[in-house]
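Got a structure for you, questions after.
Chain naming follows the written order as A, B, C, D, E and F, and within any one chain the residues start at number 1.
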Amino acid sequence: MSGVVVTRIERADAAVISRLGEHGVATVHEAMGRLGLMQPYMRPIWPGARIAGSAVTVLAHPGDNWMLHVAIEQLKAGDVLVVALSAENTDGMFGDLLATSVQARGGLGLVIDAGVRDVRTLAELKFPVWSKAISAKGTVKATLGSVNIPVVCAGAAVNPGDAIIADDDGVVVVPRRKAAAVLAAADKRTQNEDDKRRRLAAGELGLDLYGMREALAKAGLRYVETLDEV
Amino acid sequence: MSGVVVTRIERADAAVISRLGEHGVATVHEAMGRLGLMQPYMRPIWPGARIAGSAVTVLAHPGDNWMLHVAIEQLKAGDVLVVALSAENTDGMFGDLLATSVQARGGLGLVIDAGVRDVRTLAELKFPVWSKAISAKGTVKATLGSVNIPVVCAGAAVNPGDAIIADDDGVVVVPRRKAAAVLAAADKRTQNEDDKRRRLAAGELGLDLYGMREALAKAGLRYVETLDEV
Amino acid sequence: MSGVVVTRIERADAAVISRLGEHGVATVHEAMGRLGLMQPYMRPIWPGARIAGSAVTVLAHPGDNWMLHVAIEQLKAGDVLVVALSAENTDGMFGDLLATSVQARGGLGLVIDAGVRDVRTLAELKFPVWSKAISAKGTVKATLGSVNIPVVCAGAAVNPGDAIIADDDGVVVVPRRKAAAVLAAADKRTQNEDDKRRRLAAGELGLDLYGMREALAKAGLRYVETLDEV
Amino acid sequence: MSGVVVTRIERADAAVISRLGEHGVATVHEAMGRLGLMQPYMRPIWPGARIAGSAVTVLAHPGDNWMLHVAIEQLKAGDVLVVALSAENTDGMFGDLLATSVQARGGLGLVIDAGVRDVRTLAELKFPVWSKAISAKGTVKATLGSVNIPVVCAGAAVNPGDAIIADDDGVVVVPRRKAAAVLAAADKRTQNEDDKRRRLAAGELGLDLYGMREALAKAGLRYVETLDEV
Amino acid sequence: MSGVVVTRIERADAAVISRLGEHGVATVHEAMGRLGLMQPYMRPIWPGARIAGSAVTVLAHPGDNWMLHVAIEQLKAGDVLVVALSAENTDGMFGDLLATSVQARGGLGLVIDAGVRDVRTLAELKFPVWSKAISAKGTVKATLGSVNIPVVCAGAAVNPGDAIIADDDGVVVVPRRKAAAVLAAADKRTQNEDDKRRRLAAGELGLDLYGMREALAKAGLRYVETLDEV
Amino acid sequence: MSGVVVTRIERADAAVISRLGEHGVATVHEAMGRLGLMQPYMRPIWPGARIAGSAVTVLAHPGDNWMLHVAIEQLKAGDVLVVALSAENTDGMFGDLLATSVQARGGLGLVIDAGVRDVRTLAELKFPVWSKAISAKGTVKATLGSVNIPVVCAGAAVNPGDAIIADDDGVVVVPRRKAAAVLAAADKRTQNEDDKRRRLAAGELGLDLYGMREALAKAGLRYVETLDEV
């Protein structure tokens, strides 16, 4: 599947994606059944960045950013560029010129399992990036990869058109066909959280709020005054 | 010692802890004889965070945050939650709900040899955390650990009631019984530093201020104009 | 070459260094033929730091900062202290007192393949540092190293008097004798970039701007509507 | 898809898998178009181990090996157990008892993105394992995962029934439907390699054998006697 | 506690230590309640090494092996040298001369949270070492540490006289006072394992042997023929 | 200096190199004044490998092994190929075909700051390799690097013609012009070591053999029976 650009992809529903983004990564990941997270080494290059969009995927080779130029032509408004690598790499494959081009096409940001550069300018542009590294190391344009094929990015499987939610907690991938169901689960979870937050802030203990005491006792938890009793 | 909660611990003196906090981690670590530091991978999740408190310790298992709920009941005002893991782990074991609960109990912050999530909210709450990772990965509540037993957190031994000092330079642990002596040593060290800072700022060299020239010469240091002389 | 301080070094031209600094690390690295970068683990301790100066080099041993005091005497206005280690190390070899001394001598900042501490104060002083780690771990003064000899710092060869350019993208080393030629190449490159940025912002594709379509087709790139066609 | 065991999977053709195994990982990976490799941190626990089998996949949680017991029931002769984790983990999730059980079911070996233990006994049993770590850390049986669903293991997407080829060079995944085509490409590649090996052993240069000289000259390669000429 | 050598320590019972060693690290760690393991980066420098002994502890500084010479005088027959570092370090602090001296004193081997060298000779001498790294980097003799004080080595708390069990699975520490109780638990566990091994080898499933089916069903595990049913 | 092949280099004296090799890496590194070591992540791919040769250097780019073919033409009998990368990389840039070609030219082995593959065959060929990684990941032939220019490999500066000594302890670089002086220092050191080994084996303590007791006492070392005395 190398050297292929898929031009017609289906995207997750934009309204659903947007509302998933409001929930944030931690809640969406829980609503997914604790799945879909990229590795925690994927960090935002400036604090506070948040995006929710539809994936345009790229498979590139270490030290080569040729396919990123190819991918940008496939971007539509609301898309996020998701770049997977065929092997470990930290080179700075993306900088302010590519960001300018992504923004001109309506792209929302970048998720890349490699490095980026020009990070000061990217922060000034408010262009959101989650990457494995920051590196000025330049790249070549020599080897074909592919665009809009299934990829593995930072340990997560991503298909073109999947919803990508990213914030300070990391990046989570929601399969396109599950987006609505995950949103419903996230909505439910958030309602619960607001109530819990109020009660915890009032001093109620999680032990009581979640009714944990019985299960803990059953598991054998012992309360002692000092370790000498053990 | 698994499955035990020790309910009666002695805490380091609050006034001593507070003054240790004013000295900061680097000075306290020096006053300790260059001991007691956690590994440098323990980083604050927002810049400028500073705390000094008394440790309530937790031993938890990878991917399981059950004991954190148990530990919060043991917190008193001025305490810091110190969470050690029985094996390497980066899961997000702590988020904004638990932080709300810790604050409601008067807890000052968290030191955890694993991951945390909801970091944007934690920063807004000004809730200080030093952690190994940021990760949205959720956890289960299935396996007993212990609370207020001696633990090893990020390479440092911590006993319940020890003083925990943390700032942008990292986290240092001061054994409860040594807290007063360490404070005295830190006080002395800081006085010296202010004088040194003034003299260095005025252009005096450390070589002269610390009287290093003789020892360097004795050790064989040679000054040459160019490497050709060597 | 251990235990040697070279006192007479030639420095790259100050005006050239200054203009290289305006270009920034990514551009200078490209102008160098994609060489000269330090490893990407070298990160600024506060965001936005930028320097361009002439290297005063130090070779030190793990856990020992004796030679940093020796090196400060060799600093002139516009110099950057570049500290290489004889083995992997993360100890906090440099703090606010040494920074005060460097600034008093006209030094611009620090690049160190180890740790630093007092980072809050260093940020308040606007003292720029690129380091491998932040650590409060204190050091001793027991073993001779050398000053102003050729060193390898974070994977890059540095000779005393080389130009050091550092910003949010990392650190690049420009050999003294090549500084003028690299500047010329960087000037040319930047002019091109401004034009490209305008055209990309206007929606032109990199594929067209850089004339990539023919080469991609020749390499065998296929556009398909769906993967079923492959 | 958590808490699901798929009981009816299609497997790649056993004869094809066996012949892929004879080619070895490096050749198969090349025949795949340089795709399908797991991360290089996946290493055999004893040197010389080689397997080729059909994947039975497991998704497990950090510190929990419950689903491995579930998966073993699904093994048929010639299968390889491929264990993916929902988050980073090095715990020893698999030891000699599980290996005994896998062998009794006809399973060939284990590929696991976490740790294993009892490695001395596993080596004596000649039970092949590729893992991220060796660790005696024990695990619990508390949380559901899934068996025979699509997973990401060590950076590679694996579907149940895919061919898994593993040797001293690492682990490569061949999608079930592509196995025959990849075998054909590998066969062709190996024939070429034998001829090349003979000619290279006889002293012929790769520059000539592969006809690289013209392309190198065109790219601008210069031969000089000394660097002074540059 | 820097600069102290404790000369009178109590050791765990030699017969108990020896029998713990026969159980091996994984079993002893389980018998401890899944505690006491050093980090998995601690690896034997030659395969098949196994020891069980009583700890003589050392706290040393990065790049400085002075205290190892001091510690050797404190060794008795059956002791294991356990070297903790005050900060991260990979220098080669120990080589064949020190090993010769340890063996001459009746010491059994070395556990060190740093590097070693002369590993070929150490293997020829059958001198067992578990270390964080192999490195030829030499060290100095300049700074005091301590001998036979409580230390943290590779994430585990070690007191002088604790039992140290090490094999291909890693290193586990058994507190001196718990050694007999841990041995009893390990004995019981091993008996169980032999029976389990026989039954698993005969084809019985862990699901049945451990009676897991009911708990799995209760937790919600679903068996489906294909994913389409989910 | 990209795209350059230097064809006329001076090599260190073959007899000197050979005798340095007999001393081994640890001794040569000490004789160098504890300098010249590559990072400890450089490991032999099979145990017991040892070489001593003259460096032919290569600067290559991540994922591209074109220049290795160019470099092999420059090899003479007794040379070692030393491959530096312009950025971090673990791809398998070298395999059995290239090894066959190196051996046909009289080359002794490979030192590479990246990955290698076909390691089983390389071990069978007794072809010695020190590398950062083992990876089947294939590479392209697209971008020029250089041959026989000064490089930084795994943290060490290497000039063409320098002596490369490698064994189980790692890799050390001896500058060509210092080779004879380093050999003399190594000879002297080894004589001393043989005498020390005998005395230590006979039970003499390093404390007495090296006369350390006075210096330790002067530094403040205290011997106590128990910690209560401290």
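Side notes on the structure shown:
The rule is simple: a contact is a pair of C-beta atoms (placed from the backbone, for glycine too) under 8 Å apart; a residue touches a chain by one contact, two chains touch by 3 or more.
All values derive from a computational prediction rather than experimental measurement.
The chains that touch both chain A and chain D are B, F.
The equivalent interface to A-D, defined as the listed pair sharing over half of its contact pairs by residue number with it, is B-E out of B-E, D-E or C-E.
Chain B and chain D have CA centres that are 41 Å apart. Centre-to-centre, using mean CA coordinates, chain C is 27 Å away from chain F. For chain C, residues touching at least two other chains, in rising order: 1, 34, 37, 40, 61, 86-88, 90, 135, 137. Chain contacts in this assembly follow no simple pattern; the graph is neither a line, a ring, a star nor complete. Pairs of chains that satisfy the touch definition comprise A-B, A-C, A-D, A-F, B-C, B-D, B-E, C-E, C-F, D-E, D-F, E-F.
Residue ranges of chain C in contact with chain F, taken from their complex: 1-2, 33-35, 37, 39-40, 59, 61, 86-88, 150, 152, 155-157.
Within the complex, the chain D residues that touch chain F are 24-26, 29-30, 34, 37, 40, 43, 48, 167-170, 172, 193, 196-197, 200-203, 205-207, 210, 212, 216, 219-227, 230. Partner chain F is touched in their complex by these residues of chain E: 1, 3-8, 66, 69-70, 72-73, 90, 92, 95-98, 100-101, 103-105, 115, 117-120, 133-138, 141, 143-144, 149. Across the complex, chain F meets chain A through its residues 61-64, 86-91, 135, 137, 140, 142-143.
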